[in-house]
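Structure first, then comments.
Lettered A, B, C and D in written order, each chain numbered from 1.
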Amino acid sequence: MEKLLDVKDLVVRFYTYEGVVKALEGVDLVIKKGETLGLVGETGSGKSVTALSIMMLTPPPGKIEKGKVLLKREKKYVDLIHQNEAFMRKIRGSEISMIFQEPGAALNPVYTVDDQVSEVFLVHRREALCKKVLEGIEDDIRRKKGGFSPKRIILRWERGIYGRMLKNPDSFLLKIIQRIPIIRRYQRRLKSEARKMTVQILREMEIPNPEDVVDRYPNELSGGMQQRVVIAMALACSPRLLLADEPTTSLDVTTQAQILDLIRKLKGEFGSSVLYITHNLGVVAEMCDRVGVMYAGSLVELTDVKKLFKNPLHPYTKALFAAIPKPGKKLQSIVGTVPNLINPPTGCRFNPRCPKAMKICPKVVPKMKEVRKGHFVACHLY
Amino acid sequence: MLVVVVVVGAVAISMRKTTPAENRVVKNPDTLVYETIGEMESLDPAWAYDTASGEVILNVYEPLLLFKGGSTDEFEPRIAESWTISDDGLTYTFKIRTGVKFQNGDILTPQDVVYSIKRAMVQDRDGGPVWMFLEPLIGVGTYSTRDSDGNISIPFEQINNAVTVEGDSVVFHLKQPYGPFIQILAQTWASIVDENWCIAQGDWPGTAETYENFNNPQTPPLQEKMNGTGPFKLDRWEHGVQIVLMRNDNYWRTPAKLKSVVIKKVDEWTDRKLALLAGDADFVYIPRANVLEVENLEGIRMIKDLPTLAADAVFFNFEINDNSEYIGSGKLDGNGTPTNFFSDKDVRLGFAYSFDWDTYIREALLGEGKQPASPVIDGLPYVDPNAKKYSLNPAQAENHFRQAFGGALWENGFKLTLLYNTGNEPRRISAEIFKQNIENLNPKFSIEIVGRDWPTYLRDMVAGNLSMYNLGWQADFPDPHNFVSAFMSSGGSLSMFQHYNNPLVDNLINSGIIEPDPAKRQTIYYQLQQIYYDDVPSLMIDQVVGRHVERDWVNGWYYNPIIPGTPWGGDYYPVWKGY
Amino acid sequence: MRSYIIRRLLLLIPVLLGIIILTFTILQFFDPVQRASLYVTNPRQFRDIPAIIQKYHLNDPVYVQFYYWIKEVLRGNLGWSKSINLPVTDAIIYFLPATLELFIFAVPLTILIGIRLGRISAVHRDKPVDHVTRGLAIAGYSLPTFWLGLMLLMVFYGFFSGLFPPERLGTAADAFVNSAAFTRYTRINSLDAILNLKPWILLDALRHLVLPVITLTVVNIAFVMRIMRSSMLESLGKGYVVTAKAKGLDEKTVINKHAGRTALIPVITVAGYLVSGLMAGAVITETVFTYKGLGWWSVNAAIQLDIPAVLGFSIFVGTIVVLTNLVVDLLYAYVDPRIRLG
Amino acid sequence: MESLSNRWNKFKASMAPRVRELKFSLRRIKDSPLSIVGISIIIVFAAIALLAPVLARPQSSRDPYLIPHEGFSPTPRPPNENHRFGTTQGQYDIYYGVIWGTRTAFRVSILVVGSALLIGLVIGCIAGYYGGIVDEVFMRITDIFLAFPYIILIMAFVTAMGASLDSVLKALIIVWWPSYARLIRAEVLSVREEDYIEAAKAVGGSDFRVITRHVLPNSIYPVLVMASLDMGAIVLTAAAMSFLGLGAPVGYADWGQMISFSRNWIVGPPGNPFAYWYTVVIPGLFIFFFVLGWSLLGDAFRDILDPKLRRR
């Protein structure tokens, strides 16, 4: 299968007052078309940063130091790192979009669901909307046949405006008009169209009576519903790549299940690839095709799910599996603590906690090698 | 030679007047704007006792007669056509002018005149001007219609019989001769009001039954309203902002030349100054500190050296309150002053010889003042031309201080605190001068100067805590009595707080006022002036000289020290604007 | 909701009571003679000081005075303001429009500019822009109101004298406003000018307003700006801002729509303090510019020991502040659905 | 010995976070230019205050706070060799006035902030820690104070106590404590429920101990910020009082009063409008910079110590 996204040797650093946090240290990963790539690791291992960096939204004071983020767009790869903001805005929400951990936090408390979901359409689907509106206007004009009436004038004028909007969306005139109170009412049509689409997408999210939900404020919805809304925003423009950052962590088990089903289902419908970030191996097992294991800002193991679960190679991965509670089996936690990333351990960052640590480990940073077919590990053992 | 002089003079003149008279524009030509600081208290003639109110009342109401122009001893008729005074000085008869209309159209009758005077006496509020009627008409020494508990103590008959209508005349029946009575009648508190209108405004109906209810009211019945016979009528009083007068077009004399007069309350000198320079204000009040700023500017006329009837004095407290905080230890031990400090004449003389009038008048008054010899100040009758004055004389001062308290004072020295009321620069400076000169005499002498806001100053003065206090006096009427009684008598308005008690003085004062014969009065007042010098109960500090400033397009303003509002404002009837 | 409002209004009572008690406590500092001094305006009245004290109950025990006072208050009479010779209630009504006019211009300016600055400096946190804007705002806050006023006067009197005169209206305009040709609906000159369609009056009124409004605004901006900045910083870090970016919205929408609106809430909550801050500012400003409104009156009253006036003014302002806080809470609920519906 | 070093380590361990906080804060201050400016301004003023007797030698033995003056003439004189900044109304030497005025300013601000802070701390802690009716009462009281525009309240108190610098001091204290009490209370309320407080109570620490050892240290920061901001604000208010003629006596070295002197001299004679600029500008600048210094510092602190804005 062809690569949709190819991240090469991504290095991200945070320049905080305490010092430089080396959040990502040379991460390589590939997301193929239509697949779900899982990303597991403890909190603070850099999973979320990876996702955000892919969207070029590395939170300040973070900086992408080096590396490539290649996204395939009709036949050729563009390196997102060297694109300007305007381009990225086109990408975000339409080609790559993201689902967040805390639906409560991800939704703006002071705007209705409609407000927030429609935004996506208004940004990325303007033309489509305009077309729809124009059709609407045409009908109205046809319906109001004959005779002179102010209504007609307004309709004509609106048609003009929307025509222009279609021709050049960011014309100066429009920018001005949409600030003038009464006159800017013409946008209502646009909004109502967007609203229709919103209702539609909400329905697809299996939200009960969406016509009513659109006018609610986030805090009126349950966690599950909120998350569905968030997903709706993410999938509104059926993106090719969906970054799901622990979408179910904050939800109770039953809702979790529903959301997971939903994502799986939608993935099928929209045919988009997913980068699924979680620390829950169970979820990985049922969601993902391939899995990457992250530790302290770098990828330590990458292979498909079955292989990983059958025999994890990296000591850290092993430890992870050992840490899953199993009936009748003593739970063993990973010794030591997550390293602070301002001055991380030299060489292999896991070496201080590694049961199989060797002389070389603190000295040389292990490279990713393909030890078995399609099974990559960064460890000196292999 | 002469030619040259003439030419030069001509040039000089032409240079002074940069723009020729004809094409000079007059800003709002028929309105006179006067910017000052005072806030009026009341529009009720019987209540008002402050100059700000007096000025307005003077221009709206009229008394029986008025001082003639700038003179303080000649009079010209107003409501009265003519008048006669009986030889015994007990009966004053005024023939009332006919055809005079109040501003609301009512005709003025003799009855209105009688009502006005009675009404004033009935109202007689605490701290009001009416005592000036009571003394002549009820009896010398009567300052109020009430006893000390505030209950009315003058039976109505006395008020009722004091002034009566006889035909077309009004007759005043005095208890005893009272020289300045005519002067009292020539002022705003004697303004003639419209009886019917007043009653309609809820004022005293003129009957005996209710007169107690109208005595000493909380607020006067005519607080906000005016209905006089004068050249102007009240347009509006915007409290704290301004008062606007409009011409009375059916005035019984030829109507005033000005259409309106605006008296604005502008607290800040800078604002008033700019208004004057811009020509937005025609008259302004100038703090003495700033007079130099507007001298010889084009378009502004400054009239100087106007003699006033106001004097400032420092009073020595003969028995200071024991628990005063300003006399240190309260003993003659060098870090305080005994309570009877100033009852020792040598101490008073020591202070008298330590004050430097020249410096004071130069620095504090910028030369605009003079040193009066006694409370009988220039401009009053019976001034003794060769009355003696004190002047700075350290030697004299020293030897008096040496003699004081049998030398003990000079031995131990003293410490006392002089207060002045904050904001009154001249008084602060006078204190500083005492301090400097006295501390120079003897290192053991020390004087501390403290400023206190007026309320606190007043409290301490009334409580007798002040060892010395400055007070000023402005004439109610231009007669020595008004001054000597205030400055010297044991119960005088100013001297009452100093506990100076000289029976001889009190007798002279009382006999002086009821003495009809001018010659005899003169001897009495000369004697008082002599006593004042010998006894130094207090020390006359200054009699200021006034200024008036106006835009040079203003004409017709005249100065009379007794007219309220002068020297800055005054009588607007004769005033007009133009070149 | 109604019960809530009522509860808040009831809260007004203890506060007002407190204010009255406070003022009466202050009253007890004074010696009767000191208070009589307000009625004794010239030495010729010294003789009557005892009588005056007796007449106005200046020497009675405090509870008696309180009784006399409260009796009148319950009749709706707050007493007589000797400093301007008007009943206190009339005085308030009489001076309020001037101060209102000042606020009508100063308040929106303060809030709008403050919010804008706060937003800017938050967005560019720790960048030069931030330092400059903050520096300016703080400088404004550090300016002594009266000094700023004097400086402005110095420049505008000195150079462009007559351009921005003191007080409320010029002589001509004042005469016209009080003439029959002009109806004073509100006594707020600029507003009346519009209602009467008299542009030149409006212009004149505005000319007189410029300096006081500038002074009042400059000094208070920092207050708003500081709060806006910190709350903006807070909401900029919120999840929904990231979401908004992830949607592909442009910077402006993200900041103004998503971060901005939530950041406004704290600003609204302090409006009450802003009002009393502005009132304090007005006291000084009006005094400096002899702009005769409530502030000017209160200063004169306080300096002359015009107790009824001070009492009346305090009660009035106290009420206003409490009411503003009430309105604020209602507004708050409106802006933040979490409260409205939660 | 052993145990001692042991304890020392324990102590170090326990202090470590606080020390880090401090280091961190200091670094933040270093990095924020505004606070640097603020600090240096304050240092300069402190120096002026300390060196006042050197910079402007008091004449004779009289109270050094009284500004010397030659004669009484009202008209100000421009700067000249023996009056560096000229003389203001009444011939008071402006230079001497502003120099010694600095001392006055420090005295006022420190005294007021100190006392108000103390009262505020006590009442705030009690109200916040015990809550209930005590809290209610105290908070209603503060309500009353905060409902007033403080200037009016101060004016009232000063007129009541008789216009003088001391009255202004007292009035300021009376008016200022409630805001501190409010803040402390809020902080105390927020930390009161924290586990470590519960723990401290559980092990039976006396209320006083709990408050002083556990509650206060964790709730004092914002109050300090406010205090540093107020140092300026208080000088402003005091100056305003003097300007209204309610403050220091005539001739006392006080900035506000020196400005009030200039009130009548803001416009010079025609043709030379700025003739008397020095009477207005110079004292004003001193107040302005003094306040600016404290405000800048306070603002920086606020930013640094604001937990919401920390780290990022």
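As a working rule, a contact is a pair of C-beta atoms (placed from the backbone, for glycine too) under 8 Å apart; a residue touches a chain by one contact, two chains touch by 3 or more.
Quick caveat, the model's predicted, so the values are computed rather than measured.
Trainee: Please list the single chain whose C-alpha centre lies closest to the global protein C-alpha centre.
Mentor: C
Trainee: Applying the document's contact definition, name the chain pair with more C-beta pairs in contact, A-C or B-D.
Mentor: Between A-C and B-D, the larger count of C-beta pairs in contact belongs to A-C.
Trainee: Comparing centres built from CA atoms, which chain ends up most distant from chain D?
Mentor: Using the mean of the C-alpha atoms as each chain's centre, the farthest one from chain D is A.
Trainee: Can you compute the centre-to-centre distance for chain A and chain C, using the mean CA position of each chain? Integer Å is fine.
Mentor: Once rounded, the distance between the two centres reads 50 Å.
Trainee: Which integer distance in Å separates the CA centroid of chain B from that of chain D?
Mentor: Comparing mean C-alpha positions, chain D is 48 Å from chain B.
Trainee: What is the distance, in whole Å, between the centres of chain C and chain D, each centre taken as the mean of its C-alpha atoms?
Mentor: The separation of the two C-alpha centroids amounts to 24 Å.
Trainee: Return the residues of chain B touching two or more other chains; collapse runs of consecutive numbers into ranges.
Mentor: 268, 270, 274, 277, 453, 456 - these are the residues of chain B that touch more than one other chain.
Trainee: Quick one: which residues in chain A touch 2 or more of the other chains?
Mentor: Chain A, residues with two or more chain partners: not present.
Trainee: Considering chain C alone, which of its residues make contact with at least two other chains?
Mentor: Residues 30, 153, 157, 161, 303, 305.
Trainee: Can you tell me which positions in chain A touch chain C when the two form their complex?
Mentor: 52, 55, 57, 59, 85, 88-94, 97-98, 100, 102, 105-111, 119-120, 123-124, 217, 219-220, 230, 233-234
Trainee: Touching residues of chain D toward chain C in the complex: what are they?
Mentor: Chain D residues touching chain C: 31-34, 140-141, 143-144, 146-153, 155-157, 159-161, 232, 236, 239-240, 243-246, 256, 259, 262-263, 266-268, 273-274, 277, 280-281, 284, 287-288, 291-292, 295-296, 299, 302-303, 306, 308-309, 312.
Trainee: Which positions of chain B touch chain D when the two form their complex?
Mentor: Touch residues, chain B against chain D: 268-270, 273-274, 277, 287-290, 292-293, 297, 363-364, 366, 422-423, 425, 428-429, 432, 450-453, 456.
Trainee: Give every residue of chain D touching chain B within the complex, in rising order.
Mentor: 71-75, 89-90, 159, 162-163, 245, 249-250, 263-267, 269-270
Trainee: Residue numbers of chain B touching chain C in their complex, please.
Mentor: Going through chain B, the ones touching chain C are 28, 31, 33, 39-42, 49-50, 126-127, 129, 131, 143-144, 146, 148-150, 216, 218-219, 223, 236, 239-242, 244, 262, 266-268, 270-271, 274, 277-278, 280, 453-456, 458-459, 462-463, 471-474, 476, 486, 491, 493-494, 496-497.
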